[in-house]
Every structure is written in C-alpha cells, then in structure tokens.
Amino acid sequence: MHAVLLIRCADRPGIVAAVSTFLFRHGANVVDLDQHSTEELPGTYFMRLEFQTEGLDLPLERLGEAFAAEVGTPMGMEWRLASHAERRRVAVLVSRHDHALLELLWNWKRGDLRVDIPLVISNHPDLGPSVESFGVPFLHVPNSSASREGAEARMVSALEGQADLVVLARYMQVLSPGFVDRFAGRVINIHHSFLPAFAGADPYRQAYDRGVKIVGATAHYVTAVLDAGPIIDQDVARVSHRDSVEDLRALGRDLERRVLARAVRWHCEDRVLVHGNKTIVFS
Amino acid sequence: MHAVLLIRCADRPGIVAAVSTFLFRHGANVVDLDQHSTEELPGTYFMRLEFQTEGLDLPLERLGEAFAAEVGTPMGMEWRLASHAERRRVAVLVSRHDHALLELLWNWKRGDLRVDIPLVISNHPDLGPSVESFGVPFLHVPNSSASREGAEARMVSALEGQADLVVLARYMQVLSPGFVDRFAGRVINIHHSFLPAFAGADPYRQAYDRGVKIVGATAHYVTAVLDAGPIIDQDVARVSHRDSVEDLRALGRDLERRVLARAVRWHCEDRVLVHGNKTIVFS
Amino acid sequence: MHAVLLIRCADRPGIVAAVSTFLFRHGANVVDLDQHSTEELPGTYFMRLEFQTEGLDLPLERLGEAFAAEVGTPMGMEWRLASHAERRRVAVLVSRHDHALLELLWNWKRGDLRVDIPLVISNHPDLGPSVESFGVPFLHVPNSSASREGAEARMVSALEGQADLVVLARYMQVLSPGFVDRFAGRVINIHHSFLPAFAGADPYRQAYDRGVKIVGATAHYVTAVLDAGPIIDQDVARVSHRDSVEDLRALGRDLERRVLARAVRWHCEDRVLVHGNKTIVFS
Amino acid sequence: MHAVLLIRCADRPGIVAAVSTFLFRHGANVVDLDQHSTEELPGTYFMRLEFQTEGLDLPLERLGEAFAAEVGTPMGMEWRLASHAERRRVAVLVSRHDHALLELLWNWKRGDLRVDIPLVISNHPDLGPSVESFGVPFLHVPNSSASREGAEARMVSALEGQADLVVLARYMQVLSPGFVDRFAGRVINIHHSFLPAFAGADPYRQAYDRGVKIVGATAHYVTAVLDAGPIIDQDVARVSHRDSVEDLRALGRDLERRVLARAVRWHCEDRVLVHGNKTIVFS
C-alpha cells in the first residue's frame, strides 16, 4: 500500500533532511518525491512524498501524530497524510452536455479513475437514464438565476458530508459565492476555452469570431471570480478557416473531457497544491 | 515555372468551372487548387490556384488581361496573378531582441525563404553588425512616443517602393494609424502570447502571473487596433509551475521565431487572404 | 442534402474543368473541393467534391449515369458518388480491451459518428453486456490460431452484406489472407504504436524497453502483410523515464481511441483514398 | 552560484535522508531535487540535486571529499559534483547540412547555451566561413570509409583533452567502435527520424515511402550499434499526402535543430543519466 504526504511551509534550509530522516526512521520507503520552492521572497516550499507503508513501525494514523510532533509543528508546516486506500468521493454537476460527465464515468467504471462517485446532480432531467445505467444516483435540481438560493440549498444538503470534490462537468449555472466558499478548493470546473482568452459565455463562438488558429480547454478550481480561479491543466487543438463554430465545439468536446479527466485524477491523487491563484502540479 | 492566381468574389455557382475552363483553354496545368466559401449569407468565395506556365499560349501578363476580360470582370472578382519568379521584398523592423530577425535572415540565406530582404530598420543600433554580416543594409532610426512622427517619416521614405511586406520581428514601438494605413495588409507582427490572451505589454509576465499551463505566440496582420488584427498563425508550448518568467521567455523565443517565419513564408507564397478580421490560410 | 463525388484517374490537364463544368450544368452547388496529384510520372489524380443536391436537374442516381457517360468514361476515371443520407454500416471486432470500441459506440450514440453499427463481434464474451446496453447486437465467436478457419467462416456469414466497413478495435487475432481479401480496403485496424516502430506484439513493452520519449498509435487499412497496410492517421504523446509499461498503456488507450475514431469517421465521410500503400486524406 | 550533485546507486531506504542531511549540515541550500528509482529488482536509484553554494562551510572541492567519506563510499554510490561555473567544452562534427550546427552556434552566441565551443570539425570544407564568422575554429578533416582510420586519428588528436562532449550535428560518416569507445557516453547524435522507425540511410525518403502521417527527430547517445543508443529526446511534426520528400526534409530540419539543441543543453546541465540503453532525464 502507498501513502502520500503533502507539505507546504515557509521555505528554509533543512526541510528535505528533516522530512526524509523522519520517514526513514519510521520505516517508510519513499518511492516518489517532488518539491518546489516559489521564487518570490520569502519563498514558500511545497513537497509531495509517496511512500510504501509495509515497513512502517506505526499505523498510518499514529505516524501522522508523530510527524506533527517531531517535524510538522516545529517547522510550521501545513501538511496532509493520506493512504491510497482512501478513495475520494467525487460528485458531478452537469447540465445537458454529457461528454465530460461520461468520460469521468467511463474512466471510473474501467478503474482508470480510482474514486467513488456518490452522486450526479443536474439542472436538467435529460441525463438521468445515462447516469443511472452506471449505477450512480442522479438528482435533478432545477436551477436558474431566480431559483438559485433554493437550488443551492438542495445541492448543499445532498453534497455535504458526501463529497470530497465537486466537479462541474459543463454545469451551465453560476454558483453563488456562498456555495463556492463552502467547498473552497474542492470545486473543479472545465471551461471550454484556453483561459484567460474567451472567459464568459459561448467561448467557441468567441474563438470563431476572433479567428484564432488554436482552441483550448481549461480545468481550474472555482473561486468567487468567474473563470479566474487557479488553473490545473489546459490543452489545445489546431483549427483553421475551414472549421465552423460547430466544428470547434466538436473538437472542444474532446479537449474538455481529456483535460477535465486529467485534472480530476491529479486532484484525487493529491498531486495539486494551490498557491495564491496558481497551482503546483506534481504530475 | 509556377504562377499563382488568387481570387475573391461573391459566392455563386459556376466559379470553379469558369476559372478552370479558362486556364485549361490557355494551356495552364493546374498543380494545386484550394478554395473556401464563408458560411455567412451572402457568402464570399476564395480560391488559390497554382499552375505551370510552360504550356501557356500567352505570356503571363497577357493571360491576366484575358482573365480580366473573360472571367474576372464579368464575375465581379478581385484577383491577383503572380509568377513565382517574382520575389517579394521583405523589410524587417526590430528593436533589441534578435531571435525572430535572425530566424528570418537564416531561412533567407539558406534559401528556405525565397524573398529579397532589402533593409532592416531598428530603433536601437545594437543589431547593426549582425544584420550587416548577412550583407543586408541596416538603418538605425531612433523612435519613441515623443519622436514617433519624425521616425515614421524616415522609415516611410526608406520603405516606400522598396518593400512589399514589413515584418515587425519584436519591434517594441507602437506604429501610428497613419503608418499602418499606408502599408495596410502588408505589416505582419509577432506577438509573444497566445492572443487574445495577454494582449499588451510583457505577456510572459502576464502568463506567469495568471499561472497558465501553456504559452503561445501569434503572428498577425497589424491594424489600427493594437494586437487585434487578423491572425495568420499561432503555436504553443507546455509550461509548468517550475518555469520562471525567464523560462517562459526562452520557450517563447522558439515559438515566436517559428510562428513568424511560417507566417512570412505563407504571405510571400500568396497563401493568406484576409476576410474581415480573419484569415483564410491555404497552407 | 449533400453528396460526395470521389474521383481517381491518370493525371492530365482539364480534369477540374470537365468535372466542375459538368456539375455546374446540372445545378450542383460545390461546397468543398479537394484534389491531389501524385509526384511520380505518370501521375495519378485524386479529387473529392462535396455539393448540395437541392438544385440538381436530375435525381442523384441519374446524375451518376450522366457523369459516367459525359465525363467519367471518356476520361478513364474510377469514381464513386454517394449521398450523405446513406449511412455506412460499420461492424466492430474486438477482444477484451473496451476503450476503442466504447469510443466508437459513444460517438455513434451521441450523433458525432453518423453511421449504423449493425454488429459487434468478439472472441471473448466479456464485452457482451456493455455492447448490448447500447442496443447493438453482440456476437461471441471464439477464435484462435487452431480454430481460425471456422471462426472466420462464422464471421463472414454474419458480416457479408451487413457491413460496409469492419473495424478492428483491438481485435487481438490475426485475420487470414482470405478474410482480408474478402473485405479488401474495408478493414481498419488500430495499432498501439507509432508504426512502423514496434510492429508486432506488445508494442508498449517494446517502446518501454527501447526507452522512447514519445509513444503513438496508428490507424491503418489491413492488408495481407501484418501492420504494414496504408496508414490513415497517427497520433503521439510524450512520455518519460517515470512512465512504467502500464503508464504507457494508459496513455496509449487515449491515443488509440482518438485516432481510431477519427480514421473511421474520415473513411465513412469518403475522405480517404488509397494509392499503393499510402493514403490521400482529404480531411 | 549553483552546483549540481548527481548520484546513482543501488536502491535502498535512507538515501534521500543521508544525502539531504549531509548537505544541510554543510550549509548547502537545495533549490532543486529530482530522483528516480527503476522498477526492476534490485532497483537502481538516481538523484539530481541543485544547491546554492554561498552558505557552504567548505570549498566545493572539499565538500566532494567529505561527501565521499561520509555518504558516497559507505552507500556505494557513483556520483559527480560540478559547479555551474564550469562550462562544458562542446565540439561539433558536421558534414554539409548547416541547420543543426547553426542552431547550436546561435544559441551559444546568444547565451542560451552556456558552454564553450572550442572546435567544429567537418569532412567538407563548405561550412568553414560560417563557423569562423562566429569566432570558432574550423577543422576540415576529409573522411570516407576508405580513409576513416587516418581521419579519426586526426580528429582524436584535435578533440582529446579539448572536448567534454562531441556533438554530431548531421555528421554523415559512421564512426568506428574505437572512436565511440574513446568518447563513451560523450557523443550525441541527431538522427533525422523518430527512432526506432527508419534507422539507417535517408529516413525522410523511408518515411515518405511508408506514408506516415507524422515525422520525427531523435537525439541519442552514440554507441557501437548504429542508431541504437540511449534516446535523450524526440520530437515530431504532422505531415500529409501533400508533403513531398523535400517538404519532409524541410520540416525535419526544424525538428532536428530543436531536439538536438535541447539534448545538448540538458547534457551540459547534468540533467541526463544513462541506465542500460535508456536515459533518465531530469528536465
């Protein structure tokens, strides 16, 4: 079994030595180590360690307590220790476009995405049968700018305690700051453009009108500012004057599902750390 | 010898038949044919024909006159007929960064870019020796927002009648609307971002601050609106949290020179047609 | 409604003129025209025309007869005229890996792949329920080098007259020359490498052992020579020393399904022409 | 000032702890750390540490001695410690194609490639003036299968003690096993194909004849077996039926110079480790 230790702290000499010595002493065999120090001064330090738990001299929980006492607290670290055995619970919000949702469900069913999917919520009933054919509960919560408050209350009560991550797989409703706050750092959206180009509505139409030669898709954490949260991943495809808006949408569907699936997987494998409005991705 | 016929007209049935029948009757052997109709109504039709001139029953000039009389004028076409033997004269404007300029000079010297380069103009003297080592005249014209009028007058007098195309290979001064008008459709700029993201100053810094995972470069025709002219080509490269602003700049240099060289070559081979604020590229 | 005219003939002057004049006279409005002449002498000429049928002065069938009489036969053309209304019937052969098959089924169900899928055949029973959940018949035909003859006879009797195209979506059995001959030019395979590198068995293992930095997938027509038929499309992804064989396989799954879906779509839209051991793709 | 410590040893627990504790005790501030363990058993462990030398309690040389005594020898490591201040001496061998050579010279002149270039050797005199215009000595050593022995003897006497790395920038002569042995692990070649596809002569012609849809270039260490040494980097570009062999060569030139420049930079920054016939690249 593998476990992951994620660390963030003020940069200073000796962090690697302290952490790796601690793990070595307790019998953890490090199989992957990634780190990053930001350039600005004072710098911030980020680290991700993946280790085998077989040789540990303590149960994982007790290892966490020991780490806090011996390293984490003395060095002023924020940290998180999680076993690969824990599966994240990922709820999906979607409207009518099914491609990004289905990509997640297929990857999940095939075992390529090792998470639990307790629930799919949509503001339209259309995708219910598709979702339920995967054995996943589907909840229809009508939503509009007028009914937002009630709709979000229903969604919160369905999600709270049930979901570690909320994925917006082309959910075409704006979420209120209150909702975003409640799941801060735990909502991932797929935006159908190469942000920051073409933020806002109908980005493929915007891209077509601007005559770009490349279109893109962006997976990002949702913050109070629309389409401005920390970017996790992006991808692009070449287009030409021959492509209609509809062609861009079709190309984009492939980009969106690929980028979103990758971002969700990275998040659930504890590979993404947020720093200000940017991400560190230990992929 | 090859020649190229470029056509633009209102879309209607029978254009291909009229043009190809005309060329066949005069002994032109078509080796490449590309066309495009815009989607909006009424549509606009664009065509590029490349043909061998060996079997022509008329000199190329006379063929043009015959085309005007028999096809072009009756069908209301804008058209242009040019022999590959004609080399475009490409002048380059540059400031201090040499990478995009040198790429053009190298491609030209090696014969990969079949044009003449009559002149390089810079607002700094630094690159003079490099340029002159290629046997290309170098003109230093100091420029700033204060001295723009006089500087542009000097440049115009050096360029007028000498250059079919003006290439801004990282020329860091804004050109006045008057200058742009005078060379309308004949000024290509390389912008060091994936437009429309990060228009304006220091785009690599902007990209770094936004935390994008892909950076790009854009070659476009210059119009009165800064960074908003028709896009000819774009390219991108993946980046990560590990890349500093300086790393983005280094990656960007490779993108910029590649994208600009491609755009200049396409323009000089009559492969680019402008339609509104977009381009048709018959590459 | 659109129709497509595909042409192949010996290269000679006047082909475009003859074909476009014929279509113009009969009221066909050409919306897309693509052509290619091979370089070798004597050259071969290929053309794809897409036109609107609304203004035709004849039914499509009669247009074909007229084309044969007036253009096709006099100019010694091989040609094919097909309406977009005709849907190709695509049968899929698969073993145990479901990703390439499911991509086709999803694209088909969503309307992105406009074909009929009359049948999926597998040498294993495993994927039956998945296939049938799409409402597509599933036929289990055990196959091995020992039982090939009987297995292929069963498949032929199920496919003959039922399928215009046979897609090998990771079908892990070699087909006999007799089978391949019977469906000559109508069998597309996805090979899980960047051919011609790593032909044969377990290409991801071969790629891993060779230490390549990029892996790929290749869609090609099946011929009597294993993995050597005309290539329709390829795509690649970057890998590093960090990627295990299993990681290459996971990355490859994404490449395979994308490349195969694209190749099948192009084939069914009459965009692929075979010339010797190469393809002309009018994409 | 930065220094780099490269380590290779049998995998075992405690390596990171031992190395990072040693560096911390001596005042080295680690700014970059990358590691890799191979999957096979027993595994091999690779590590690259980049650290600031300002706070060291010892001169760099003495630090090396201390590392050997305290960590390297006890743990059975192969290691190498080098300051960024040391510039590698890179000699280039070339025939008639100048693109890959010029890319290196330009990057070097512009400061993007921080090495010394003591010498360029060619079996043709053609590129002498170009090379000398950069202020780099040029040596013409005619070479052919008949004169190989004498030619290599002349090259060895010019290179020995003068070059840390020998780069074959399209050097079209085969080197003898004796020559390769003498510079084992220090000769980088650019092969103009996506190896292992199209090893051997005229790979663009081979690629054209096979009808591939993507072409590539490969930078690799030279070993006794032609085109079979450890791959450092590869890159690819899309092609179509429209591209002639000459078009593939032109596209390939861009790939070759980009891939080779990257591989040389990585090698000179101590980012490449060879393991069997594969590379670990800490890029």
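Order of writing sets the chain letters: A, B, C and D. Residues in each chain are counted from 1.
By our rule, contacts are C-beta pairs under 8 Å (C-beta built on N, C-alpha and C of every residue); 3 or more make two chains touch, one makes a residue touch a chain.
These numbers come from a predicted model, not from an experiment.
Using the contact threshold fixed earlier, the set of chains in contact with both chain A and chain B is C, D.
Because chain A and chain C share one sequence, their contact can be compared position by position; here over half of the interface residue numbers appear on both sides. Across the assembly, the mean Cα position most removed from that of chain D is the one of C. Of the two chain pairs examined here, B-C and C-D, the one linked by more C-beta pairs in contact is C-D.
The distance from the centre of chain B to the centre of chain C, each centre being the mean of the chain's C-alpha atoms, comes to 37 Å. Centre-to-centre spacing of chain C and chain D amounts to 41 Å, using the average Cα coordinate of each chain. Under the contact definition stated at the top, not a single residue of chain C touches 2 or more other chains. Contact residues of chain A toward chain D in the complex are 13-14, 16-17, 20-21, 23-24, 27, 29-31, 33, 35, 37, 55. Contacts from chain B toward chain D in the complex involve residues 98-99, 102, 106, 110, 112, 133, 250, 253-254, 258.
Interface residues of chain B facing chain A in the complex, by the touch rule stated above, are 36, 39, 194-198, 210-214, 216, 230-236, 240-242, 244, 277-281.
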